[in-house]
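Here the chain labels run A, B, C, D and E in written order, and each chain numbers its own residues starting at 1.
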Amino acid sequence: MKIGICDTTFAMVDMGKIAIDEIKKYCTARIIRYTVPGMKDLPVACKILLDKETCDIAMALAMPGKMPIDKQCAHEASLGIIYAQLLTNKHIIEVFVHEDECDNKKELFKLVERRTKEHAINVVNLLYHKERLIRNAGTGQRQGFEDVGAIK
Amino acid sequence: MKIGICDTTFAMVDMGKIAIDEIKKYCTARIIRYTVPGMKDLPVACKILLDKETCDIAMALAMPGKMPIDKQCAHEASLGIIYAQLLTNKHIIEVFVHEDECDNKKELFKLVERRTKEHAINVVNLLYHKERLIRNAGTGQRQGFEDVGAIK
Amino acid sequence: MKIGICDTTFAMVDMGKIAIDEIKKYCTARIIRYTVPGMKDLPVACKILLDKETCDIAMALAMPGKMPIDKQCAHEASLGIIYAQLLTNKHIIEVFVHEDECDNKKELFKLVERRTKEHAINVVNLLYHKERLIRNAGTGQRQGFEDVGAIK
Amino acid sequence: MKIGICDTTFAMVDMGKIAIDEIKKYCTARIIRYTVPGMKDLPVACKILLDKETCDIAMALAMPGKMPIDKQCAHEASLGIIYAQLLTNKHIIEVFVHEDECDNKKELFKLVERRTKEHAINVVNLLYHKERLIRNAGTGQRQGFEDVGAIK
Amino acid sequence: MKIGICDTTFAMVDMGKIAIDEIKKYCTARIIRYTVPGMKDLPVACKILLDKETCDIAMALAMPGKMPIDKQCAHEASLGIIYAQLLTNKHIIEVFVHEDECDNKKELFKLVERRTKEHAINVVNLLYHKERLIRNAGTGQRQGFEDVGAIK
C-alpha cells in the first residue's frame, strides 16, 4: 500500500510531518510526501501522487488564512480535490484548518495537530479497516474537536 | 440489482442503517454499505460503489452542520455528487439533513429518519418502478415534510 | 428525432405533460419522459436520455423553492445540466420556474405553463428550425413574460 | 480557418451580426453562426461548433439581465464556457455585457457594440496574430471602455 | 524542460516579462509565452501550452480588478486553472494580484513584481528542486509579502 501526503509551504505548521508520524504508528504503508506552495496546488499534486506514483490514497493538508479571498481559495481547492478523487476513484482526505478557528496561535497549533492525527487514522481505516468506519457511522465524529455523539 | 449506501461518521444518526432497513422492505436488491468520515468523502465513495462494485444506484447520506463552512462543504459535496452521476450515468440520491432544519434533537432525529426512508423509496422506484415517479410528477412531493401538493 | 423530457415529483405542476403536449403540436419527434424526485436528479436523468436513449435533445423542468437552500440546489442543478450538455454535445433546455417569481399560486401556475410552452418551441426550433433562432437573435425574447424587444 | 459565433435571442442587441461584420473587416475566415435561446445554452453551442463544425475558435455573446438570478446564470454560463474550452483545447472569447453596466439603453447599445467589436479583434489576433497580444501584454486593455494603461 | 508563461493584455503590468526574466536567472528551461485578452482566457491557454506545446509546467499571471464582477471572474478562472491541471497532471502556478490589495499604483506595481518573482522561483523548484519545497513545508511562506513563519 502507498499513501501520498501533500502539504504546503503556506501553512504555519509542518502538517506533513505530523501526518506521516501518525500514520507510521498504525501501518507499514509506503509514504510519499509532496509539498507545494499553496492550497490551490494541492488538487493536482494529489492527483499526480494517485495517478503517476500509484498511491492508493492521499491526504491534502492546508491552513487557509482568514481573509475572504482565503476562504474562496479553500473553496476552489476543495472542489478540485473532490474532482481529483472522481477522476481517480481514490480517496483524498482533506485536512484544512482555518486560521480563524482559534483565538491564539497555541490553540491553533493544537487544533492542527489533533485534526491532522485524527484524519491520519481515517486514512489508515479507509485503507485497512473499512469496517471500523461502518461501526462509527452516525456517531457524530469531529476531527480536532470533541465528538458530538449520536442523537436519538 | 445492487444498491450502494454511503454514509458518514460525522452524522449524528446511523442513516445508513435506516436506509438499508427501509429498502429491504421493498426489494431484494443486494446492498453494499460504505461509511466515510465526512460529507466531502461521499462523491468518490459513491463513484467507487457505482464503478468498481457495479452498483446500479447509490444513496449519499449526510447531516451538514449549522456553520457557514458546513454549508459550503455541503455545496461542494453536492456538486461532486452531481458530477459523479454524470461520469457514471447512474443516479445517486442525495439525502442531506441540515442540523439547523430543526429546533431540537428529537425533531432532528425524526426528520432524518423520515427523509431517509422516503428517499429510500425513491431509490427503489428509480430501480424498479419508474412509472410511479411519472405518476407523481408535479405533485409537490417533499421528503421528510408533508407534501405540498399540486397547484392549478 | 427523439426528445427527452425530464421533470420532478417535487414540482407543483405537471410540467412534463405541458411540455409534451406543446411539442406534439409542432413535430412528430418521438418523446421519452423521465420523472425524478428533485432538481438535482435532473442532470444525470437528462444525460441518460441523451446517452443511453439516444435522444437528440432534452428538457429539464423544475420548480425551485423559495428558501436559500433551494436557490443553491438550483445553482448546483444548473451547473450539472451545463456539464451534461458538454459531455454529450447535445442541448438540454432548462426550464426552471422559481416559486418566488409570483405572488400567488394562480400566477405561478400560469408562469409555469407559459414558460414551459415557450421553451418547448425553443426545443423544436433547435431540432428542426435553427434559422428561426438566428432570425430572433438579439430581440430580447423572454420565456414566460413579455419579450422586452431590441434596443438601438 | 473557421470562426464560430454564438449569440442569444435573449439579448437586446444583434451581437452576432456586429461580431461577424467586424471580423470580416480583418480576415477571410469562414464564419458559422449559431443562435440559442439564452446564456446557459452558449457553452454547448460553442462546443458543438468547435467539435462538430471544427471551428478553430468561437465567440460567446450575451447580455445578462440585472436581477440576482441573471448574475448567477452568467456565472454558470462562464464556468461552462471555460470548461468547454478545456475539453476542446480551443478558445471561446466570452463577450458578456451586463444590463446594469449602463444607465440608459443608448449607452448600453454603444457598450455592446464597442465591446463586441474589440473582442472580435481579439478573436482575429488569437487566430492570426498572436504576437500582437504579446505586444499588448500588461497594458491595461479594456474592451468597451477606455484602456487604463500600464502602471510603473 | 519547457515552461509556459501565460499572461493578459488586461493586466497593468507586463507580468510575463517579469516571470521570464526571473526564471532565466535560475534555469535554462525553454520558455514559451502566450498572452491572452483576459483572466478567463488563461485556463485554456495554459492547457494548450501543457498539451500541445508539451510544457512541463505553466504560470497563469493576472491582475483581477476591484469590482464584484472581477472577483467572480477571478473565481471562475481559478476553477478553470485547477481543472486544467487535473486534466493534464501538470502544475499551473497561479499568480493573481488583486487591484485592491494596495492603496496606490506604486505599491501595486511592487507587489506584482515581488509576487511574480517569488512564484517564478516556486515554478523552478517544482521542476528542479522539489526537496526545497518539502524543506519549507509549514513555514508560512507568503508570495509578495513578508513570510509569516511557523507557529508552535
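By our rule, contacts are C-beta pairs under 8 Å (C-beta built on N, C-alpha and C of every residue); 3 or more make two chains touch, one makes a residue touch a chain.
Computed from a predicted model, the values in this text were never measured in an experiment.
Homomeric contact subunit C/subunit D is classed as different-residue, with under half of its interface positions used by both copies. In this assembly, the C-alpha centroid of subunit A lies 40 Å from the C-alpha centroid of subunit D. The geometric centre of subunit A is 25 Å away from that of subunit B, both derived from CA atoms. Contacts with at least two other chains are made by residues 79, 83 of subunit D. Taken as a graph of touching chains, this assembly is arranged as a ring, one closed cycle with exactly two partners per chain. Begin at subunit C, move on to subunit D, and keep following the contacts round; the order you get is C, D, E, A, B.
By the touch criterion given at the top, residues 7-17, 33-37, 40-41, 43-45, 47-48, 51-52, 69, 72-73, 76-77, 79-80, 83-84, 87, 105-106, 108-109 of subunit A touch subunit E in their complex. On the side of subunit E, the complex with subunit A involves touching residues 75, 78-79, 81-83, 85-86, 89-94, 98, 119, 122, 126, 130, 133-134, 136-143, 148-152.
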